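In the two assemblies presented below, subunit A is common to both, partnered first by subunit B and then by subunit C.
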Partner chain A sequence: MTCAVFTIFWKEFRGFVTSPLAYIFLILFLLWLGVNYFFGNIAAGGSFTGIQVKEASLESLFQALPSAFVIIVPALAMRLWPDEIKLGTLELLMTYPVRSWEVVLGKFLAGLALIGVALALTLVTPLTVDSYARTANGLDWGPVWGSYAASLLLGGAFLAVGLFAGALCREQVTAFIVALFTCGMLVLLGTSAFLIQSADWFADIARQVSFTVRFESMARGVLDVRDLVYFASFTALFLFLNVVTLEARKAS
Partner chain B sequence: MNVSRSRFWSWVAGGALVAGITLALNVAVSDVRMEADLTQDQRFTLPPAVGRICSNLSDTCRITVYLSDPMPSYLRHLSRSVSTRLKEMNRFADGKIEWEFVDPGQDQELLKKLADLKLQPLSLQDVRGGEAVAGVYWMTMVFRHGKEIATLPLTDLGQDILKEERTLASLPGFIAARILRVTQPDISVGIVSDKKLPPQNPMNPQQQQEAMDGLKGLRDRLATHCRVKDVTLKNGVPVPDDVKALVLFRPENLADVDLYQVDQYLMRGGRVIVLHDSRSMLDFDREQAIGMGLQQGNFAPRAVTSGIDAWLTHYGMKPDVGVLLDKACFQSQRLGRQQVTGPGGVPMFVMTPVTSDMPALMNVIESDKDGKPTGQVDATELCLTGIAQLGFLAPSPFTVESASFSATHKGGNLTTLVSSSPNAWVSDAKDTLPFGVTPPSEGLARRPIVMRASGRLRSFFAEKEVPIAGEVVPDAPKPPRGLEESQPGNDPQLWVVADADFAFDVWPQVLGQRLGAIGGARALVNTSVMLLNMVDASILGPEMVEIRRPRLADRSVDEARVKADRESILFNNIALMPLALVAFGIVVFIWRKAQTFVPSHRAAAVSTAPAVPEGESGGAST
Partner chain C sequence: MEPMIDVKDLWKSYGSFHAVVGITFSVARGEVVGFLGPNGAGKSTTMKILTGSLLPTAGSVKVAGFDVVEASLEARRRIGYLPEHTPLYPEMTVREHLRFAASLRGMSSSRAKDRIDAVVAQTDLTPKWRAPIKTLSKGYRQRVGIAQALLHEPELLILDEPTVGLDPNQVVPVREIIRGVGRERTVILCSHILSEVEATCGRTLIINEGRIVADGAPKDLTAKLGVATLEDAFRRLTAQGGAA
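Let's turn to the complex of A and B:
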């Protein structure tokens, strides 16, 4: 990592740590996952009468994660560019001897680190579930690590989309809505409710493009090279588009 | 400006190029199957045992996959899943697996052929254009090897069929079982059981009832990979030679003349698996009596005289007439009567759920919570590896007769495979066996439940007269003596399980709901798997046992502990981290305030300085 990337990363990460908004979103994220996991799926009418966990498995915890990320990650990403544009610091930034890709990468890594922190804070749940297993088998940690890897890659992809949306829009809210819609569509495309309604040819494409199918594939504990390439290339593409947008701003 | 514009266009061109590369890369890797299975039991990887079964194929195995086109939207992945797995398996088979996909459609000739194989399409609902549409769909595989045919309705995969990754995980085992079935047609498993007429249906008393033995589940599971034969032991008819393993299900009053045939089968190197009960807890023909007993908090055991106790004792396993109860057991919930004081001080009774230990439903575990072996299960045994927990319903234990066994059977081995905990005792309950029996203070001991005699065995009838069918006629010529000892290199195996209830179809209806919530049901299912493993390990080798293994790990949560620690679990997992974040945020806020605090005497001086862009979102620090 170059020095400029690290400097920007550190500045942005510090910005997150000192921003009340980031805390609010992290707290909402943790509450959503915790309540969803321990009390059943609220959206599906889950009750608040007792703990619903019967198996030492975190499948339902990570099932709720893409829907939480669809809101949380664009919300975290929305301030990264529009603030710079609004305050005029983007022009100032462009005058510094840093390259556009270094700025983009620095901001991306800062966001990714925050997502990493959010995910790390959920580790208390697998540890709890493992400690309450009836037999020595305990929790199968393979799917847990697979789910965490998938979550980080999914978060990275959402963040890249969020950053790109932020670079396109002057307003935070617009950036948030654009990113929310894009990420939401990419999640929705792979849900069985959507696939069932679609024509065969479209369902095949949707299955290839959707985050949900890739995420579920990794979350079962299998790291497939196709899923890794998909997430990595998708993220790289949007980061690159972000750089192009910055260059366009410079050129204008 | 021109330089800037040309740079911009070069970035745009670069963007388009990256988009193209991204697309090309994803298309290129779409057929690459390279994955790391992180699961503990490697459940998403093609099991090596499946690979071995495929590599043992000597001739071509032809598979026809009858799938309708199109399938319902939620089953569209089936053709892809089946072909993915068949391709992988064919690599091991060196191209000896050939397959084709066929949509039977309205081909009447084909439909007739499929009907002859007792195959039917399924009626399913699909959603098209937002509306539910009913349709008839085929999803069956037919395996052919020479003249042998086996079928695999894909509905056998159960819920796994709905998710692609789960279909991929379970399909190889099902396919491998059918390949075994068609490539080893001479392997048969014989079942000896008493068939009885079930109770009359009160709604339709005129209905013709068919005699049954309540072992359909066992037969179906064995039939996936070998032939299942009903063997009738009557009047000394020998056990057929093609029977490689003989399951004696809860023998009752077995005549000596029939036992002699079982013994001779054993001496010929046969595998005999006896499910022995001195007290039967479940019978399908007295479901009502059992149900009533359970409602009142009792088991209603029925005494069984097997007729083979002396025979088992000869092979080192002396059955006890009582039932074995154990402190290491599952619990049961039932409604109990509790006296409360009603309005005006009137005593009233209310029904409240009562949870109590059920020592009759033994919980046999391989290792305790700390991972230490309990000594209850011989984990090195092929038929038991991977089964963490077994359940037995009031077994009738054995006394091990090691000394007499060694003296009689030179070169024989007597092995205990499964035992109770050291806190088990024998009860001589005859008519009723109440739940929640209090353990005695003395007489607690570890007792064997599953045993095996193998190696060179000497016949029970070696020093006895050969039993004769029918009436004994004086001066009639004596029947020729059979084998008095098993032959070297043709070692028999006699497996004995001290319980038969777990193999019975009826227990899920009778006990399932009662046991579902507390894990006992799963343990009883595991015991059935142990029985299948015994059959397979003794006649087929390790493959089917290994294929079954990954699905057995018990990962249930200890609900009693969860209930006890409910508040702390909820606090730690829902509130603790958000509170920690709030605390951390406050610390950061205070620290930031302290950092940005400027003393008043310096503030005046600073206020005259030019403004510097500062703030959390600015780029000044870069």
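Let's turn to the complex of A and C:
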């Protein structure tokens, strides 16, 4: 990691932790997951104490995660470019001896770090489950870490989309809506409700393109290299488009 | 000796509109040049190309011998730039902003500390050292902009309208800084305030509709056109239809 990447990373990460908006999003994120988990388990187990009786599973925690990320991640990403463009600081930044990809990567990693913090805060749930489940078989941590890795990859992919939308749009709100719509489609396409209604050929494509099926299989602990490659190359593609947009801005 | 700036047949077009129409000029090391022109004449476009935030459509631009397209990073390392309207991060304090700039310039922490102390003293920012940029007056913001441009002791300093919007009390110190820097470095000063250019610059370039229409010492320009002040010369050269 070059010095410039770290400098941009630190600037953006500080920007997150010093803005009240980031905390609001973190709280909403945790509430959304918490509520979903609570009711998910009551529905499954019949009562709150059912958590320990039922298998010590975190499935419902991660089921709610894509829907939470669809809103939270574009909201976090939306300020990263439009602010710079509006204030004119992007122009100043581009006259410093830094490369476009260093700026893009710095911003991306700052967002990813914040997503990491959000995910780390949800560790309370598996830790609680583990402490309740200790008398039985305990919590199987393997799939849990798999779920967290999948969540980080999913968040990274959404973040890359959000960053790209921000580089294209001058307005935060427009960037948010574009990213929300794109990420929302990527999730919706793969939901079973959608797949059942679709023609077979379309369902096949949707299953491949969508994040949902891949995320769910990873969250179940099935680590398939193809899924990893898909998320990584999707993210890399959007970061690359982001760099291209910056370069094109100079040439315009 | 190799010129500090060497611009050859520079074009910048936006579709069918040509903002800069094949200009050629060079600036020697140590010169202080006033870059004048009406709004929309291509001044800021030329400065943006010099500093690497905009790419030329055609032509070659070299700063200290480095092509701004081919060796962009090398060229940018040698330039300190205050863009028009002084864009700064409002949430950062003066100290954070200068540290951010030093870090992007790849300075070691000891050099960064020395240089930040030096530019803060030079631009008289000590009282606002810990203040967030958003709380600063226009005059102080302008000084932060100049401080970040001077941070790495650039061979070439480019200031785009550094005294716009300042009251007379704020203008004087900024002008003092420019004059001080001009003694040892190459400076390009874009300005609308012609008296300021007359007072600080040894040479004037006047650009109109994307072309250079005059190049010379302010007093030579006025003598050549037979007018009393640089303002008259400016109006003669750039007014619509050429009539003053």
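Criterion: the second predicted complex is superposed on the first by the 235 of 252 C-alpha atoms of A that agree within 3 Å, B and C clash if a C-alpha of one lies under 4 Å from a C-alpha of the other, contacts with A are read in each partner's own complex, and residues count from 1 in each chain.
The definition used in the following text is that a residue touches a chain if its C-beta (ideal position, glycine included) is under 8 Å from a C-beta of that chain, and two chains touch if they have at least 3 such contacts.
Quantities reported herein were computed from a predicted structural model and do not represent experimental measurements.
A.B. asks: Given the touch rule stated above, what does A:Thr7 touch, subunit B (first), subunit C (second), both, or neither?
C.D. replies: both
A.B. asks: Taking the superposition on A as described, I'd like to know which of subunit B and subunit C A:Thr18 touches: first, second, both or neither.
C.D. replies: A:Thr18 sits against subunit B and subunit C alike.
A.B. asks: Kindly classify A:Gly116 by the partners it touches after superposition: subunit B alone (first), subunit C alone (second), both, or neither?
C.D. replies: In the superposed model, A:Gly116 contacts neither subunit B nor subunit C.
A.B. asks: Which one hits more subunit A residues, subunit B or subunit C?
C.D. replies: B
A.B. asks: Quick check for you: in the superposed arrangement, does A:Gly184 touch first (subunit B), second (subunit C), both or neither?
C.D. replies: A:Gly184 contacts neither subunit B nor subunit C.
A.B. asks: When the two structures are overlaid on chain A, which partner does A:Arg99 contact: first (subunit B), second (subunit C), both, or neither?
C.D. replies: In the superposition, A:Arg99 touches subunit C alone.
A.B. asks: I'd like to check the shared interface: which positions of subunit A are touched by both subunit B and subunit C across the two complexes?
C.D. replies: Residues 4, 7-8, 11, 15, 18, 87, 89, 92-93, 96, 98, 250-251 of subunit A touch both subunit B and subunit C.
A.B. asks: Touching residues of subunit B toward subunit A in the complex: what are they?
C.D. replies: For subunit B paired with subunit A, touching residues are 4-5, 7-8, 11-12, 14-15, 18-19, 21-22, 25-26, 29-30, 32-41, 44, 70, 73-74, 76, 126-127, 129-130, 165, 365, 367-371, 388-389, 519, 553-559, 561-563, 565-566, 569-570, 572-574, 576-578, 580-582, 585, 588-589, 592, 613, 615-622.
A.B. asks: Along subunit A, where are the residues that touch subunit C in the complex?
C.D. replies: Against subunit C, subunit A makes touches at 3-4, 7-8, 11, 15, 18, 87-89, 91-99, 250-252.
A.B. asks: Going by the contact rule set out above, which residues of subunit A touch subunit B in the complex?
C.D. replies: Listed in rising order, the residues of subunit A that touch subunit B are 4, 7-8, 11, 14-15, 17-20, 23, 26-27, 30-31, 34-35, 37-38, 50-51, 53-57, 79, 83-84, 87, 89-90, 92-93, 96, 98, 103, 121-122, 124-125, 128-129, 132-143, 145-146, 192, 195-198, 200, 203, 208, 216-217, 220-226, 229-230, 233-234, 236-237, 240-241, 243-244, 247-248, 250-251.
A.B. asks: Under the definition above, what is the set of subunit C residues touching subunit A in their complex?
C.D. replies: So the residues of subunit C in touch with subunit A come to 14, 48, 51-55, 73-74, 76-77, 79, 81, 83, 85, 87-92, 100-101, 103-106.
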